[in-house]
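In the two assemblies presented below, chain A is common to both, partnered first by chain B and then by chain C.
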Partner chain A sequence: MNGLALRLGSTATVRGRKSRELLLLTGFLVVIWTVTGILSPRFLTPQNLSDILVQAAPLGFVVIGQMLVIVMRGLDLSVASVMATAAVLSTSTFDNTGGVFVVGILLGAGVGAVNGYLVAYRKVTPFLATLATMIILQGIRFAYTGGAPGGSLPDAFRFLATGRIAGIPVSLMILAVVAFAAHWMLERSVLGRQFMLYGDNPAAARMTGLPVNRLVVLAFVISGVMAALGGLFLVGYVGIVDNWTGRGYELDSIAAAVIGGASLRGGKGSVLGALLAALILVSLFNIVVIVGLSIEFQMVIKGVLILLAAGVYLRSSRA
Partner chain B sequence: MSDFARAIRFQPVHLVIVGLILTVFVVGAVHSERFATLTNVSNIQDQLVVLALVALAQTVVILSGGIDLSFAGMLGLLTVLFASVAGGDPAVFAAAVVGILTLGALLGAINGGLIAFTGIHPLIVTLATSSIMAGVALLHSNQPSGSVALFFEDLVYARLFGFVPYGTIYVLAAYFVIGFMLWRTQFGTRIYAVGDDERAAAISGVPVRLTKLMVYSLSGLIAAMAAIYMVGRFGVGDPRAGVGFDLRSITPVIVGGTILAGGRGGVLGTLLAVILLILLRNVLNFLNVSSFYLWIVEGLIVIVAVSLFAARASK
Partner chain C sequence: MTTPLLAARGISKSFGPIQVLDGIEFEVNAGRNIALCGENGAGKSTLIKLMTGVYHPTAGHVEVDGKPVVFPNPKVAIDAGIAVVHQEFSTLSALTVSENIFLEKEPRTRLGFIDRRRLKADAETLLADLGIDLDPGRTLDRLSVAECQMVEIAKALRTEARVLILDEPTAVLSSRETEHLFRILAGLIDRGMGLVYVSHRLDEVFEICTDITVIKDGGVTSSGTIADYDHDKVVAAMVGRDLGDLFPPKATAALPQPPALAVKGLVVESGLPPVDLEVRPGEIVALAGLVGSGRTELALAIFGAAQAQGEVQFLGESLPRRSPGSSLARGLAMLTESRKTDGLFPGASVGWNFAATSLGKDAQPYALSPANEERRAHSVVERFAVVVDDTGQPIDSLSGGNQQKVLIGRLLENAPKVLILDEPTRGVDVGAKAEIYRTLRALAEAGVAILMISSELIEVVGLADRVLVMRDGGIAAHLTGADITEDAIITAAAAGDAAGASLDRDPANV
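Entry: the complex of A and B
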C-alpha cells in the first residue's frame, strides 16, 4: 500500500512538472515568435506561420514515435532511413494513393518489429540495434534504386501533404488526429500506463507481470510507422523522392523529444511537449532565414537549445 | 589475467576477426591479381587511418561507459581551423599542430565537463556540441579551404619500404600509447572501473568526474590527430570532413568486442575490426560489388557481433 501511495504521490508531482515544462515551451515559442515578429514584419503573417506548421508536420509524426521509444528507455536511430525507404518504395511500387500508404506503413512496422525483436528478445542495446537496421535499410534502399530513385508522386498524395480544406492544411489535420490518439494512449489508457511504468522501472514492470517484451516491440513498431508516415508526408511536401529523404531527422527527432521533456533515462515524455519542441526547432530554422542570418546558425542554435533544455529539465526534476 | 593479455584485453573474438581478415584477403587475392599488390596494400592502409583514429577515441569513451557523437562536427571544425592557421607556411606548421591538438583536447574537455558536472546524458551532450561545432565550421568556411605545408603532404603520401605509409605508423603509435595507458596507468584502470560500475568506482575512491572529463578530453585530442592527418591527405580543410564519422566510429568498437555498456573490451579488437571493415570495402570494390551492399553487410556484422556478446554477457 505504501508503494501505491508513493506512486500516486509522485504522479501528482509528475503532473505538476509536466505542466511547468509545457508552459515553459509555450512561453519560449511565444517569445521567439514575438521577437522575430518585431524584427521582421514578414514573420507574423498567417501565410508564414501556416508554412512553419506545415514544414513541422513531418518532424511532428517522427517525434511522436521517437518520444515513445525514449520513454521506454530506448532510442530509434533508424527513423530517417525508414522515412527515405518508405518514400522510395511506395512511390516506385504504386501509383495509387492507397498503395502509397500501405507499402510505406508496412515497411515502417516491419523495421520497427525487427528493432523491437533485437532489443526485447536478443537484448541488443537500442542504440546498436537501430544503428544496424539503419545501415542495412540504407544498403537495401540504394541497391533497390540503383542509387537513383524513380517513380512519381501521386497527385492525391501531394494533396494530402500540401493541400488545404477550408484553409486548413490537410497534413496538420491528420497530424492532429494522430497526435490526439497518441496523447490519449500515453496519458489516459492502460497501455500508456504500462509504457510509463516500464520506462520508469523495467524490473518492477516485469515483476508486475506486464508483457514487457511485447511492450518494447510495440513501441518500436509505433516508431517505425510514425517514421514512415513522416517520410511520406515529407516527400509529399517537398515533391521529390530522394535516397536521402529525411536525412538528419534521426537526430532532430531525438533533439525534439529531449527538448520536449523526454529523458533518455526513460519514464518521462509527452506528446504535447514533443510536438511543441518540434515546432520550436522548425520555427528557429525559419527565423534564422527570415532574420537574414546565414543558414549555418541553425546548427549552432539547435545545439545550444538541446543543451539548455536538457540542463533545465535535469534541474527541475532534481528540485 | 596475465599482464600481456590484460594489455591487449585479448578475447576469443580477436581470433575470429583475424580469421575473417585472412578469409577476405584470400578471396580478394584469388579474384583479382591487382588486389594483393604493394600498391593496393598501401592504399588500404591509407584508407584506414582516419577511421582507426576516431574508433580509438570512441573505444576509450565507450570503455568509460560513455559515448561520443561529436566527431561529425569536431573533425570538420578542427580540419578547417588547422588548414586556415597552418596555411602553406612550414614555419608555423609545428605551432599549428600544437594549437589544434590543444583545441581538440579543450573541446573534448567541454564535452566531458558538461557530461561529468551537469549529469546530462553523454549522447545528448555530444549530439548538441557536434551540431554547434559543425555550424561554427561552416560559418568559418562554407567550402573546403586553407592549405598545409607541402612537406607535410609529401610525408603523408610517402611510403616506408614502398608499402608502409607514415599514416600506419601514426596509427600504430597512437594505439600503442593508448593501449599502454589503459594497461599500465592508474588513469587506464580508472577508465575501466568507471565504465564497469560508476557507483562502485566512486565508493572505492576513483574521482569519477575527473576521469570522465579526461576521457572526453583525450577523445578530442585523438580526433585532432585525425583532423591533422585529413588535412595532410586532402591538402585542404573541409568543414564537412567529419560527416558520418559519429556513427561510423562506433561500428569497429562494437565489432571488436568492446561492450557498449562500458568496462569491458580494448583497443586491439577495435584495430582488428577497422582492418576488417576497410579490407571488406576494398575487396568488394575489386569484386565490382556496389558499396550499397557493404552497408547491408556492415549492419549484419553489427547485429551478429552484438547479439553474440549480449548472449555471452547474460550467462
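Entry: the complex of A and C
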C-alpha cells in the first residue's frame, strides 16, 4: 500500500518511453515514404532512396554531436561555421594525403574545446559561447580565404563522399561505424551514462562526484569533431568548396536532434532517434521536390514537424 | 453534534485495479482543527483531492453542510468554501503580494482594467484581518519562504472559505515562523472555520489540533478527539506497531582513535568563527542547531562542495584540495539536504539513480555492466524495502520516502568510511525512519564514522552519541551521554538569541 502512488504513475519504464519514441519516428518515416511512393513512382526506386541516404550523411554526422550537446543541456550554434572552416582549411592546405582530414578534424576539436571551456569553466551560456565562436570562426574563414576559397578538392574527398564499395556508398559505411560507436558510447559506456546523468541534473552529478566540467568540454569537443566530419563529407558530396558550406546545418541539426527525441532540458536523447530524424528531414526535402511543391514549402513542413515532435514528446513524458 | 461543514461519507477511490481509499469517513467541523495523519502513501493526499474536486470518488460521496455534493472540478469546491494550501506553492515570484492574493480575481474598474487601488486596499484588509504583517506592494521574490506561505494562505482565504485544508504547512518553516503560522490558524479556528491539518510532525498536531483521524492503507484506523491520544497511540495507529524500537541502542564500546574525520579551524565564510570537530569510527555525531546556523554550509565545506579555509583530515591524512569527486573516491560520502535539487536524477530510472556513484567501478572500467547494476539495485531494494515494481521505472514515480531510501542505498554503494548526512529522514514516514536509524547504527557498529545534521530533536536525542550544537556558524555546545536532552540543545542553539528561544516545538518530529 505504501507504494500505491508510485504504481499508479508508472506504467512505463524509462527505457520503454524511449523505444516508443523510436518506433514512432520509424513509423513516421515509413508513412511519408509510402505516401510519396504512391504519389510518385520515381520515389521508391533503390537509386533515389540511396541518394537520400547519401544526402543525409553529412547531417547525420553533425546531428550526432549536436544531440550529445543537447543531452548535456547545451546547444551548439557553431557547427555550421566549423563545417565550412574545416572544409576550407582541409581543401586548401593539403593535397591528396590523409592530412586533409586530420587538419579539419583538429580544427573541430579545437573549436569544441573552446566552446566547452567557456561553458564549463567560464560559465558562459552555451547559446552565447557558441554564437561567439561561430562568428569569430566566420571572420577568420573569410580573412583566410579572402572571400573566395581556392584549392581543389582532393580525390580522396570525392571518393569518400560519393564513392561506392560493392555498391554501398562509402560515406554511409563510415557514418554507420561512427554512429555505432556513438550509440555504444551513449547507451553502453560509463562515459555515456555520465553524459545522461549530467544532463538530467548537473547539481546532482557534481555531488555524486562525476567529473562535470570535463564532461561538458568533452561533449563540445565531440560536437566540433562531428561537425568537421560533416563539413568534409558535405564538400566531398557537393564537389566545390564554399565559404558558406553547411549553412543552415546548425538549425537543421538542432531540429533533427529534437525531433529525434532529445530534450533541450537535457538528459534525454539517442543516436538512433537523431539519425532517423535527420533522415526524415532530408527525405522531406527530396519529397517536396519530387511531388513538385515549391522549396519554401519544405520550411513550413520542417517547422510543423518540430512542433509536432515537441507535442508528442511532452505527452509521452507525462504518460 | 452539529452538522459538519465538510464530510466524506464512505468514500472509496480506485485507480484502475488499485484501490487507494476504501470507505473513508471524515468530518470537518466548524471551530475545530482536525489532524489527518498517516504514513507516506497511506492515502492522505488522495482524500484531500477527493474532497476538493481534483479526483472523483468511485464510491461514496462528499457532503457540504450535510447535503451530498458533487465537485466536478476544483473551482466548484472553492466556490463551495473549501480552500486548500498545498505543500508546493502556486505563488508567482515576479508579482506583488496583492497581485498574488487576487490572481485572476482582481477587482476591475468599469473599463475592465485592474483596479490597482482597490486591489491594494482589499489585500491590506485581508492581510490585517488574518494578522499577517506584509506589505502588499512587495514582489514575492523578495519574501522569505514563510512569507510566501502567508501569501498562499491569504490567497486561499480571499473568497469566503469556511474550510481550510493545509498540507504539510510547516515543512519549510523555521520554529519562529511556525509559531506565527499557528497564531494565524488559531484565529481562523476562533472565527468558526473548520481546519484540516496534514502533517508528519506529531507534536504540532498535539499543539494545535482538536481532533485527529489516522489513515493507513486507505482506511481509517483511528479517529477521535486529540485529548484521547498520545504520541505513541498515534504512531501505533499510523504504523500498526509500537514505537519502542524506533531508535536502536547507542554505542557503548570505547571508540578507537584516531578520528576518521578531523576538522581543524575550518572557516566556511570569512567573518564566521573557525570550526573544530572530530568524528571517530563507530560513532554518530549530530550537528544540531536552528535553521540558518551554518550546519549545511559546514557539511558542504567538509565534503568539498563549497570553498573554505582550514584543514580537513580524513583518516589522518590532510586533504588540501577537496571536491565531491575526490572525497567520494577516498570514502567520504554525503547525503545532501534536498533530494530534488542535488540528490536525484529525476528523469532517470531507479536503477540509474542507484548506479550513479559506482559507475566504472566494475571489472571493465569503461563499459557499463547492466547485470551488475541490476543485481546491486535489487540488493538495495530488498535491504531498504523500497517499494518499486521495476528498477527501470522512473525515480520520480516513487514516493518521497522511497526516493530517500534509494539515495541512502546509493550512498552506501562504495562502502564509505565517513558519512555526512544532511536531514536524512526528511519527508520520510515513521516506518522508513526506523529503518534508516537501524541502518545508520549498524553502519556505525561496523566502524563507519557518521556526522548527521538534523532539525528533528527527537532524532538527535535518540540516535546521536555526541551532539555539536551550532549557532551563528560556530559550535556553541558539545553534549555527550546523558547531557543530550532536547532542553540542552535548545538552550545552546538559541542562547543570546532571545527572539529565537522558542525552539521548543521546532521540527521535533517522530
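What we mean here is this: the second predicted complex is superposed on the first by the 306 of 319 C-alpha atoms of A that agree within 3 Å, B and C clash if a C-alpha of one lies under 4 Å from a C-alpha of the other, contacts with A are read in each partner's own complex, and residues count from 1 in each chain.
Just so it is clear, a contact is a pair of C-beta atoms (placed from the backbone, for glycine too) under 8 Å apart; a residue touches a chain by one contact, two chains touch by 3 or more.
Keep in mind it's a predicted model, so treat the numbers as computed, not measured.
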Worksheet item: For A:L197, is the partner it touches chain B (first), chain C (second), both, or none of the two (neither)?
Response: second
Worksheet item: Which of the two partners, first being chain B and second being chain C, lies in contact with A:G16: first, second, both, or neither?
Response: second
Item to complete: Could you say whether A:R206 touches chain B, chain C, both of them, or neither, answering first, second, both or neither?
Response: second
Worksheet item: Looking at the overlay, what does A:I140 touch: chain B (first), chain C (second), both, or neither?
Response: first
Discussion item. Once chain A of both complexes is superposed, is A:V177 in touch with chain B (first), chain C (second), both, or neither?
Written reply: neither
Worksheet item: So, does A:V291 touch the first partner chain B, the second partner chain C, both, or neither?
Response: neither
Worksheet item: Can A:R188 be said to touch chain B (first), chain C (second), both, or neither?
Response: second
Fill in: Which partner reaches more residues of chain A (counting touched residues only), chain B or chain C
B
Worksheet item: Intersection of chain A residues contacting chain B with those contacting chain C?
Response: none
Worksheet item: For the complex, which residues does chain A have touching chain C?
Response: 1-10, 13-16, 188-194, 196-197, 200-201, 203-211, 267-268
Item to complete: State the interface residues of chain A toward chain B in the complex, per the touch definition above.
Response: 75, 77, 118, 122-125, 127-129, 131-140, 142-143, 147, 251, 254-255, 258, 263-265, 294, 296-304, 306-307, 310-311, 314
Worksheet item: Considering the complex alone, what residue numbers of chain C touch chain A?
Response: 15-16, 18, 20, 39-43, 45, 216-218, 305, 323-329, 334, 336, 341-349, 352, 355-357, 359-360, 365-368, 387-390, 392-394, 396-399, 401-402, 410, 429, 431
Practice prompt. Could you pull out which chain B residues touch chain A in their complex?
Written response: 67, 73, 114, 118-121, 123-125, 127-136, 138-139, 142, 247, 250-251, 254, 260-261, 290, 292-300, 302-303, 306-307, 310-311, 314
